[in-house]
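Below are two complexes that have subunit A in common, paired first with subunit B and then with subunit C.
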Partner chain A sequence: MSASGAGAGAGPPPSGGTGGLRYPSNKKTIYDRNLNRSKNAELSRAAFAYLFVEMISYAQRRVRGIADLEKRLNTQGYPLGLRLLDLLLHRSPTSTSSPSPQRPTRILPLLQFIAQTLWRHLFSRPADALERSEADAGQYMLFDNEPLVNQYISLPREMSQLNCAAFVAGIIEGVCDGAGFATEGVSAHSVGLEEAGAAGTEGEKKVKPMWPDRTVFLIKFKPEVLEREEILGRSGG
Partner chain B sequence: VVFVLFIISKAGGLIYNREFHTGLSKLTSNDYLMLAGSFHGQACTMHAITKQLCPNPPTPANAAANAPNLAPTPFNSRATGIEVLESSHFRMQCFQTLTGTKFLLFTEPQQPNIDSMIKKIYELYADFVMKNPFYTVEMPIRCEKFDRGLDGFVKVNR
Partner chain C sequence: MSYLFTILSPTDTPLYTHEFGTSRSSGDGIPRFSAAERALNPFILHSSLDIVEEVQWGPSSTSGSAPMYLKHIDKYQYNYISCWITGANVRFLLLTRPRDEALGLTSGGAGVAGGSKGSLAGGRGALGGAAGLYNPTNPATEEAVKNFFVDVYEVWVKTVMNPFFRVGNGDVVKSPVFRARVAAAAKKFL
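Moving on to the complex of A and B:
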C-alpha cells in the first residue's frame, strides 16, 4: 500500500502503457496481494475446460501437423512452469531443519518435486508413477493415469496420436529449465490402449483398459546435465 | 428399459442416435433422418403444427394498463413444443434446452425417473460434447467419452 502511494505522486498511470496491469479503484495491483492468499483457492473445472478448448483451437490455426500442434501447446505451458517453480518453492513449508526453501540440485529431488508438489498444486493429487527408462539413462518417465486436462476431450480418429497433455509437458519443461536442468524436450504420450492391447493378445477376449487415458511424460535431459549429475554423485556420495 | 436416444440440433438435423435395446425393428439411416425431421417439427416452438394444436392461452387482463410500462414479453404465452408422447408400447420424452437442442428419449411406458435420466444425459452432453475441442457445434456427435458415459449410465439403469 505504501509503495503504490509513493509512486502515485507521479499521476495516474497511462492506460495501456503499463502493459495490462490492472489498477482497480482501491489502487492495489496484483503485486500487493499476499502470495499465499490463493493457496487453497478453488477453480471451476468447467471454466478451465472451456479455456482449454479455446487454447487448443487457437493452437490449431495454420498448424501443419500433429507434432506442430503439440509443440504449440508445449509453448503455451512453458511460462507457467517457470513461474510455478518459484511460487511453489516460496510456499514450501518451512521447518526448523530447513529454514529456507531448498532448490533441488539433483535430478531425483527435482523429479520428486514435480511428481509430488507440482502435481498436487495443479491437480490435487500426486503423479502416479516415476520411472527411469532402461533404454536411455537420461530419460525419465512420469505417469499419470487420468490427466485432468484430457478429461473431457475425445480425440477423433484422424488425430489419435495427439495428446493434449502436451500443455502439461510444457509446464514440466518450464520447471526443469527454470531449475537449471536443461532438457531436450518433454513430451506426452498416451499408453492406456497400448498396455491393454499387449495384455489382450495373451488372453482370448479383448481386455478393457483400466486407465484408457493413461499418459506418460518423457523427460529427456541434456548430456551436460547428466555429466553434472554424475560428478555430483561421485563427489557427494 | 431405455430404447433409443435421439439428439436433434437447433436446425432440425439429427446429430446423435443410439439404440440401447436389441430386438427393435431395424431402420435405415435415412429413416432416422426423416424421423428426426418430423420430431423437430413437433418439438419446435412456434412451429405451424404445434401452434395450431395448442389451445389459445388466456390473454392477460391488465395488458392494456401495463402497456406503456412493459413491452409484452414473447415468453409468457409461448406454446412449447411436444413434451411427452405415450403409447402402450413406448413412451417418448422430449427435453428442449434453452438453445434449441432437443433430447428425445424413448423408454418403456412404465419407466420411472425419466426426468433425472434426461438431466443426467444432458449433464453428460454438457461435459463430453461441449467441452470437447474437436466437436463443432450442430454437427453429428462423434465423441467416444460421451458414448462411454451413456453406456455406463444406461446399462446401470436396466
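Moving on to the complex of A and C:
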C-alpha cells in the first residue's frame, strides 16, 4: 500500500492504495461480487411494475408521438441487452469439448440464445415461438403470449397502438447489436386481438382471444449480416 | 518476456492498457520494451485487428458458435499477438515479446564460445538450441494465455455490469481494482 494517498480522512482508509477511490461501507467493490450468484436474485413483480411505470412516465415527458415514445423505451432497454449478452455468455455452462466460453456466430444460435437463455433470465420461462418471416428472409419474429412487462398496463383508447414491450425490444436489439448482428431495428407489436379477429370472421362474431396480450417482436437484420450468414453457410462452418 | 495487454472497444478505441513482464522462471514482472518498441506496439496491435475480423466468424462449430479465445492470431517481427473476443465484440489483445535468447537472436545463452563471430555462427548456435525457443502455438503457452484471458474476462464482465460504464462511449477503465486484478492474473499465469 503506497502512502501517496493525498485524501487523508473521509471514511475508511482505502485498501487499494490510491486516494480518491471510495469503497462501499462493506468494503466490497463490484469486483468482489460473484457473477454466478443467481439464486434469490428475483425481483418482486410489484417492485418491477412500479419501476417500469415510472420509466414509462419518464419517457413520456415531452414526447411527440407513440413512435417517439416507443423509441425512448427502446433506448432504455438497449444498454441492458449489451450487458446481459456478456453476463449470460459468461454464465453459460462450458462443456468439456468446448472449455472456453462460446459466442454465437450465426443468426439461429443467436436467436435461440435470446428466446431461451435471455428469456429465462428475464422472465423465468422461454419465449413462446420463434419464426422466420415468409415475406422477408432477413426478418424474424419472436412471440411472447403474455409479456410480463405489459401485465399491469392498460392502454387508453387513443394510444392503442402503443406496446410497452418496446423496452424488451430494446433489450433484444442490444443483444443482437452487441453480438455483431446489426439490426435495422427491433419493434414490438400487439397481435393478440388481430389474430382472434381473423379467426372470428368465419364463425361467431366475437371470439375472446386466447392471448389478448400476445406480442410479436420483429427483428430485421441488416443486409450485410445476411450476406455474411450466407458466406458462412456456404463454407459449411 | 515482455507483454502488452490492451482492451479495445468494438469501435477500436483502446479502453485499457497494461504493460508487464513475465513472472515465470524468476522473472521480475517488469516489461523490457525498448523506447522504439514501446512506440511501435500500439500500431502492431491495431494492425492485428484486421486479422481478428477475419478469424472471428469462423470456423464455427456445428452449433453455430465459436470460442471466445482465438489463440495466437498474428506475428509482427518478434511480436506475437493473442486474442480473446467477448460476446459483445470487445477485443482483448495480448502482445508477447519474448526475450532475445528465447528467439535465438543471441547465442550466448547456451555458452557457445563463437557467439560474437557473426550472424551465421549465431544462427547456427540458435538452431542448436531450438528446444528453448519461444513457440506461440505450444499447448502450454496457449493454455497459460487462455487462463489469463479467462480471469480478465470475468473482471471485465463485472466492469461492464456497472450501469455507469458504457463501452459504446469509449469509457476508459480507470478502476485501480481492475488493474490490480489484471496484474494478479498476469503474475499468476504469464
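To be clear about the criterion, the second predicted complex is superposed on the first by the 210 of 237 C-alpha atoms of A that agree within 3 Å, B and C clash if a C-alpha of one lies under 4 Å from a C-alpha of the other, contacts with A are read in each partner's own complex, and residues count from 1 in each chain.
Following the convention adopted for this analysis, a residue touches a chain if its C-beta (ideal position, glycine included) is under 8 Å from a C-beta of that chain, and two chains touch if they have at least 3 such contacts.
In this text the structure is predicted, and so the values were computed from the model without any measurement.
S.K.: Is A:Lys222 in contact with subunit B, with subunit C, with both, or with neither (first, second, both, neither)?
M.R.: neither
S.K.: With both structures placed on chain A, which of the two partners, subunit B or subunit C, ends up touching more residues of subunit A?
M.R.: C
S.K.: I'd like to know which partner A:Phe52 touches here: subunit B for first, subunit C for second, both or neither.
M.R.: So A:Phe52 only meets subunit B here.
S.K.: After lining up the shared chain so the two structures overlap, which partner does A:His189 touch, if you call subunit B first and subunit C second: first, second, both or neither?
M.R.: neither
S.K.: Touching A:Lys71 in the superposition: subunit B (first), subunit C (second), both, neither?
M.R.: In the superposition, A:Lys71 contacts neither subunit B nor subunit C.
S.K.: Between subunit B (first) and subunit C (second), which does A:Pro156 come into contact with in this model arrangement: first, second, both, or neither?
M.R.: Touch partner of A:Pro156: subunit B, not subunit C.
S.K.: In the superposed arrangement, does A:Arg106 touch subunit B (first), subunit C (second), both or neither?
M.R.: In the superposition, A:Arg106 touches subunit C alone.
S.K.: For subunit A, which residues lie in the overlap of the subunit B contacts and the subunit C contacts?
M.R.: None.
S.K.: Please name which positions on subunit B make contact with subunit A in the complex.
M.R.: On the subunit B side, the touching residues are 127-128, 131-135, 142-146.
S.K.: Going by the contact rule at the top, pick out the subunit C residues touching subunit A in the complex.
M.R.: Spelled out, the residues of subunit C in touch with subunit A are 10, 56-61, 63-69, 85-89, 146, 150, 153-163, 166-168, 175-178, 180-181.
S.K.: Subunit B touches which residues of subunit A in the complex?
M.R.: Its residues touching subunit B are 46, 49-50, 52-53, 56-57, 152-156, 159, 164.
S.K.: Could you pull out which subunit A residues touch subunit C in their complex?
M.R.: Spelled out, the residues of subunit A in touch with subunit C are 16-18, 21, 29-31, 33, 35, 79, 82-83, 85-87, 89-90, 98, 100-106, 108-109, 178-180, 228, 232, 235, 237.
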